[in-house]
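Chain naming follows the written order as A, B, C, D and E, and within any one chain the residues start at number 1.
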Amino acid sequence: MNNTAQKHDATPLVAESYYAAVTDALRTEAARLLSEGVVTAVIGYKEGRRHGTAGPAIVVDPARANELIFSAACVNNLALYLTKAKKGVAGTGKIAIVAKGCDLRALAGLMAESQIRREDLHIIGVACAGVFGSGADRREPLSAGNLAGKCRECSVGAPEGADIVIGTLPPLPELSPVEAEELARLEAMTPAERWAFWKENFARCIRCFACRQVCPFCYCEQCLCDRNRPQAVETTPRPAGNMAWHIVRAMHLAGRCAGCAECERACPMDIPLNLLNRKMARELKELYGHEAGLTPVEKGPLVIYREDDDQSFIK
Amino acid sequence: MSPNRKFALSYSYYPGCSLHASAKEYDVSTKGVFNALRIGLKEVPDWFCCGATPAHNVDELLSLALCAKNLSLAGKVEGDLAVACAACFSRLKTTQHRLKENDIKRKQVETAIDGPVPLGKKVKHLLEILAKDFGLDKLEGAVQKPLTGLKIACYYGCLLTRPPEVPELDDCEAPTIMENVIKAVGGEPVAWSHRLECCGANFTLSRPGVILKLSNEILASAKDAGADCIMVACPLCHGNLDIRQEEIEQATGRRYGMPVFYITQLVGLACGVSPLRLGLESMIVSPAALLREKNLL
Amino acid sequence: MSRIGVFICHCGENISRTVDVERVAQVTARLPGVAIALDYKYMCSDPGQNLLKKAVAEHKLDGVVVAACSPRMHEKTFRNAARAAGLNPFLCEMANIREHCSWVHEDREEATAKAIDIVKFTVSRVKKDRALAPITVPITKRALVIGGGIAGIQAALDIADAGHQVVLVEREPSIGGHMAQLSETFPTLDCSQCIMTPKMVDVANHPNIKLYTWSEIEEVSGYIGNFQVTVRRKARSVDEDKCTGCGVCMAKCPQKKIDNAFDRNLGTRPAIYVPFPQAVPNTPVIDRDNCTRFKTGKCGVCEKVCGPGAIDYGQQDQLIVEPVGAIVVASGFDLYNIGPKPADSPYEGYGEFGYGAIPDVIDGLTFERLASASGPTGGKILRPSDGKEPKQVVFIQCVGSRAREKGISYCSKICCMYTAKHTMLYKHKIHDGQAYVFFMDARTPGKNYDEFWRRAVEEEEAVYIRGMVSRLYQKGDKVVVMGSDVLVGVQVEIEADLVVLATAVQARTGADLLAQKLGISYDRYNFYSEAHAKLKPVECATAGIYLAGACQGPKDIPDTVSQASAAAAKVMTLFAKDQLEREPIVARVNERNCAGCLACKKVCPYGAVEEKEIRDRNGNLIKTVAYVNPGVCGGCGTCQATCPSKSVELDGYTDEQIMAMIEAL
Amino acid sequence: MKHDFEPKIVAFVCTWCTYAGADLAGTSRMQYPANVRVLKFPCTGRIDPVFILKAFQKGADGVLVSGCHPGDCHYMAGNFHARRRFAAFRKLLEFVGVDLARLEFSWVSAAEGGKWVEVVTDLTERIRTMGPLAEFKELETEEHWSGRLETAELKEAYNNI
Amino acid sequence: MKNAKMHLSTETMNLGFVKKVEALSGSSVRRCFQCGKCSAGCPMRSFMEHPPNRIVRLLQLGQWERVLAGRSIWYCASCETCSTRCPNKVDLAAIMDALRKLSWDAAGPSKESYVQLANRLFMENIRTYGRQYEMRLAAVFNMKSGQFLKDLMLGPKLITKGKLKMFHAKNQNVGEIERIFSRIEEMRKKGEAP
């Protein structure tokens, strides 16, 4: 998924000053929330060790609010830190979280699945022009050339439904949707070609489960794929088990995945995992008009039905 | 048989107009059979026409009165009243039935004929006499020349069984009395579909087209069922099936050549009555070839 | 290692003719975990069952596979045999090698191979079977009856007479329902009020019946044997304990010009009122929307004239929680709206009949009020426009019913009969009048029903015209009926004085909302669904809830009363036991693994899944998980298929059992 | 008639409708190919996509899922949920390259013995002409991880050791 | 007439006529629920324009003009099939008789009613001779109905077979018949009979 064609387009999408302004506002808000006791912690981003990187940060002391930043390097979906997968964070009182538009969709989904409650959250929305794609040279500013694939077709740059939204985006150029194009390329293949494509990709999987660890929706206390009685999915990184794991993962996320693409980012073997998620999201939209995470809906598309649902595939 | 009495069974007899004209063979053969079976038959003197279908078509009261008059005449002759013609039988029985049910009508009729109507006088069709009074067993015993191999379509028509409360002869939809008589005399009744259908009846005069259609269906059904001949108990049916058969054949192009017997002609044949006393020569469709083929002549 | 016994049945020759049963036994005997494999002529016979029992004891079997006919045929037989041999019945499974094998295949090789496979995977399954114990649920022996029409009254009386407490909830100020509005009833023409009011009084006086009128169901929770029902007692503004029912308030109320809905708006009533004189309870209610006191604050006559001081303007709605073990739903029906299509209705209207615009076009229930001795005309049939006696009355059947494209495809069932009754009542009251009925079919199945209709035709000389009416219009003081007689094949025109439309029976407005509260299903017309159209006609699919009367579908009084008594009998059957026992094929939650996403709760058709809070010793919430109420669970297993982590498992069909079968294929 | 290839077909059916329908085919002595192995579930709502996957992995050449017609579900809504679940799952399988001709869904009621025979016969014939499902079987036999260590990042990381 | 709109009211429904039919036939018209069995079995249905059941239907609505304007009643063969099989015992054959009489009384002979002409001649024969003379009946009917050559070929055949006699002996008691006819006429005049 190297966007070679776009690499040449290095025009910055937003000015550096935009991030500085957002960072300032973010720090002020975080300090206020903590000092006024509105929240007990703020989940946000801080500068990474390497230049141009950023990582998750949990700030509980107003004095340390100035560690928080926002930049194109803030790739992580922080919603992850609110789930059962990260038990240490939740349950300590009301928490503020910094959320890009895509992260906010995950929050909406988690609320619908009873994992978090809106009243326990103070959502600090940040208007986001996109984040760096993998292999981007972090010394350069964010441009169409180094933008993450998912951001090229982002429709939620300015988050909605947050308690506060920081930043106002300048008009952004329309970019070619590389993920959609890749999806179309795959769909045009014969089943055998697709099988070959995925077989080759899944064959690389080393079952490190980074995709699972980083996914806000993989909050199960015990993953089905870790169980041995019965063993639904072979646990060792063999081709058969790999195929099964990725199919099960995609099925379990169908209708829930909000498309943050953290799985794909975290994958050390460069498996285009988000393609599966995108495919399922699109199918469910076509079949049942459902789009995950735009607002918290009580019932997702696969836990609800209509009597007149399509059944043309059933004899 | 008692030496004191000539006959064990004896009836008064109402032949009706047709039996004195177009159906004279019915009259002749009836007398022949009764004679052979030693059953007494005394014709009602000075009987009138029963009115048949035209009378009730024109005037119900008149039709009842005519029959009532005949019943009253018959009342003067001993024995149940034997009737051969299905139409006369039906009219006489209808009259008794209607007058029993309806006092007003009875009084009107009594005024018209100036006397009482003998409602208790039993009116019996020949079939009834042969099958019930005389008895099928005895009939079988009287057979001299069984009608072996003769396939007969027994045709009841309308008036022998309908409407059921009037003739009280047999089941109105599934009668067996004709077939039983035929079996007793050794004949072979065929199962066929049109034995209760209407032949067109008295339209024979006014609308022969009707007859061509209805009687043709009956002839075709009998032929298709493998019958050699048809047996009837009604002069009108006989007329339509026998007299108009050639006409029907011309109109439809199908050849039937189906002799139409009166019941008494066949019973008579079997019981040894001379063919000369059965009026066989009067039949328009000649039965000679058929009867010869079956060794009955 | 398991010790499993495999018993292969010849079923006479039914199986052995195509399946080499001995080979099946030889092969399966060598399967790991199989202690013994036998074949026998008739396994279901006594000797066959004894063979099984003996083998269980001799070989200390811990699982049994009977390879024979369909489990739908003999599973119970063999499970009972296993139980008799001291084995948990759920450790006995059947392998269907007859219906699914020997009977449908001719090739002996293929059939034998298939039979071996079937036995093989069933053996694998049995290895993973768990002993299951029957589930027991306690029963609260009190019943709730929703609706105080004839259905609710009958059900309540039956249950109460059996000695159980009944809570009867009625939305209107009085019980009685539609039947109280009727004049006379088919097919006997006895007066509705005369046969109805004694039953109403019985309800009021019954020591076992607690009556809540002017009340509605707010919320229902729980499950069979253990429901919690919240009843909203709407503010009556009159203290029921103090009120003596003297009626002075109604007489003195200055606001008397309110349309009387009970009389189909033909008459009026005061703002403080009982719907009809025989109301039970005979306690008035203040219609706050129309009361001057409530609208302007300036009146209070009723309070002044009330001797016992029962008027209470400040009364508030009250919520009462009633624990019950069973619920009878008898919420009744509404009539089809005939006029032009209302904006929010799923049904098309009949604009062509001018209902609403032509005053002398009325519906059947209005005719009932006109014919009723206690009605607004005192039982005289007078037409609404000018109060004259109508000499030519046209009745039109199937208005709304059997009109698929207008929204209703069903037959309303009662209209043929009540229209025949109307023609009789009319002829009895107006001897020189002529009744005409336009009908599509006369549907009169019921004891003495067809005779009744024929009487209307033959003796009361109603002219029935087979054909529908195209349109009605006003011409002078007549209503012109443009119809057709399809038997003659010509158009028919009648200048009528009054036209009565036999409108369709439809579900109560809001029936769906009540169903959602109760967790019962309903059809596309909002009629409640019985569990089985033939064999469970009064049960809901939701255990412990029963149906009576027209809420389930159009129904006449005899059918309604029968169904009400049937529902009551079902309740009594339930109450005859102290505990409810049921097959343990139910889902269970592994609380340790459950992440509490509650997808299971969302898909459960029975509403059997609840939230359960897990707390530590100090009462701090650790997490919220799903809990499956075994009393409510129907055992479909949709929850398990939905659960991402498989933290909920359906006993008898666990993943382990199924995977074992798939692996053995 | 013997064929070169006898496919292995696994049917996941609900007990109330399709299982009973198959029973009816039996009591009516209808004939159909012996390739199908029937696994009984209480309801199609209980059938997990994982089972289908597992069946393919364990050598099934074709899979049939069958239950009650919409509205006939013994559990009221199980088949409705199943319908959505499988509508999604088949799209996913198709996307990873499984030929959907190998996966059949049907409604067969307890009265439709004839339909059961037709569904099973059609599916068996179809799979027979398609041949064995090689893809999953190949995966099963591939013991070793076949990933390539060629990405730039990995090379860099390797060199840095 | 056949397709004209029917205006129904107590005035336009001639129920008096229906009562007359019911009195003459002794059968109820209202009992009919229009199952159509009469028409199903009627051998003459194909010759009629109103099937038998519709005749009853029109009577139920008091539409006697429509009944009498048609030819159906003149095509009934009196086979009694309808009456026999009617589930409600509506004696349609008797009703047909009544309608024929009422029609003739009201309108006399018509193109459609010439069957009745044969019947009338038949009755005349009876009145004159006491019995039926088929030869005379046929000849006079053909003359009066204007079908001079009908069955021309049949006559000689029957005569040679002895089936049609040219001359008949008169009934000795024929005066008795005349008295019956005249008594009935008298009763009708006095209104003592229908």
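We take it that a residue touches a chain if its C-beta (ideal position, glycine included) is under 8 Å from a C-beta of that chain, and two chains touch if they have at least 3 such contacts.
Keep in mind it's a predicted model, so treat the numbers as computed, not measured.
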| item | value |
| --- | --- |
| Those chains which touch subunit E and also touch subunit C | none |
Subunit C omitted: connectivity of the other chains: A, D | B, E
| item | value |
| --- | --- |
| Pair of chains with maximal C-beta contact number | B-E |
| Chain whose average C-alpha position is farthest from subunit A's own | B |
| Most centrally placed chain, judged by C-alpha centres | C |
| Distance from subunit E to subunit D - Cα centre to Cα centre, in angstrom | 77 |
| Centroid distance [mean C-alpha coordinates] between subunit C and subunit A, Å | 47 |
| Distance between chain centroids, defined by C-alpha means - subunit A, subunit B (Å) | 103 |
| Centre-of-Cα separation between subunit C and subunit B, whole angstrom | 66 |
| Per-residue overlap in subunit D, given as positions that touch at least 2 other chains | 54, 77, 81, 85 |
| Touching two or more other chains - residue numbers and ranges from subunit B | none |
| Residues of subunit E engaged with two or more neighbouring chains | none |
| Set of all touching chain pairs, with the criterion as stated earlier | A-C, A-D, B-E, C-D, C-E |
| List of subunit E residues in touch with subunit B within their complex | 24, 26, 43-44, 46-47, 75, 77-81, 83-85, 91, 93-94, 97-98, 100-101, 104, 114-120, 122-123, 125-126, 130-134, 137-138, 141, 145, 150-151, 154, 157-158, 161-165, 168, 171-173, 176-177, 179-181, 183-184, 187, 192-194 |
| Of all residues in subunit D, those that touch subunit C in their complex | 8, 10, 15, 19-20, 22-23, 25-27, 29-32, 34, 37-43, 45-48, 51, 54-55, 58-60, 73-78, 81-82, 85, 117 |
| In the complex with subunit C, residue positions of subunit A that touch it | 84, 91, 113-115, 219-224, 227, 229-232, 252, 298-300, 302-304 |
| In the complex, subunit C residues that touch subunit A | 128, 592-599, 602-603, 621, 623-624, 642, 644-647, 655-656, 659-660 |
| Subunit C - residues contacting subunit E, complex | 391-392, 434, 436, 442, 454, 457-458, 461, 463, 465-466, 485, 487-495 |
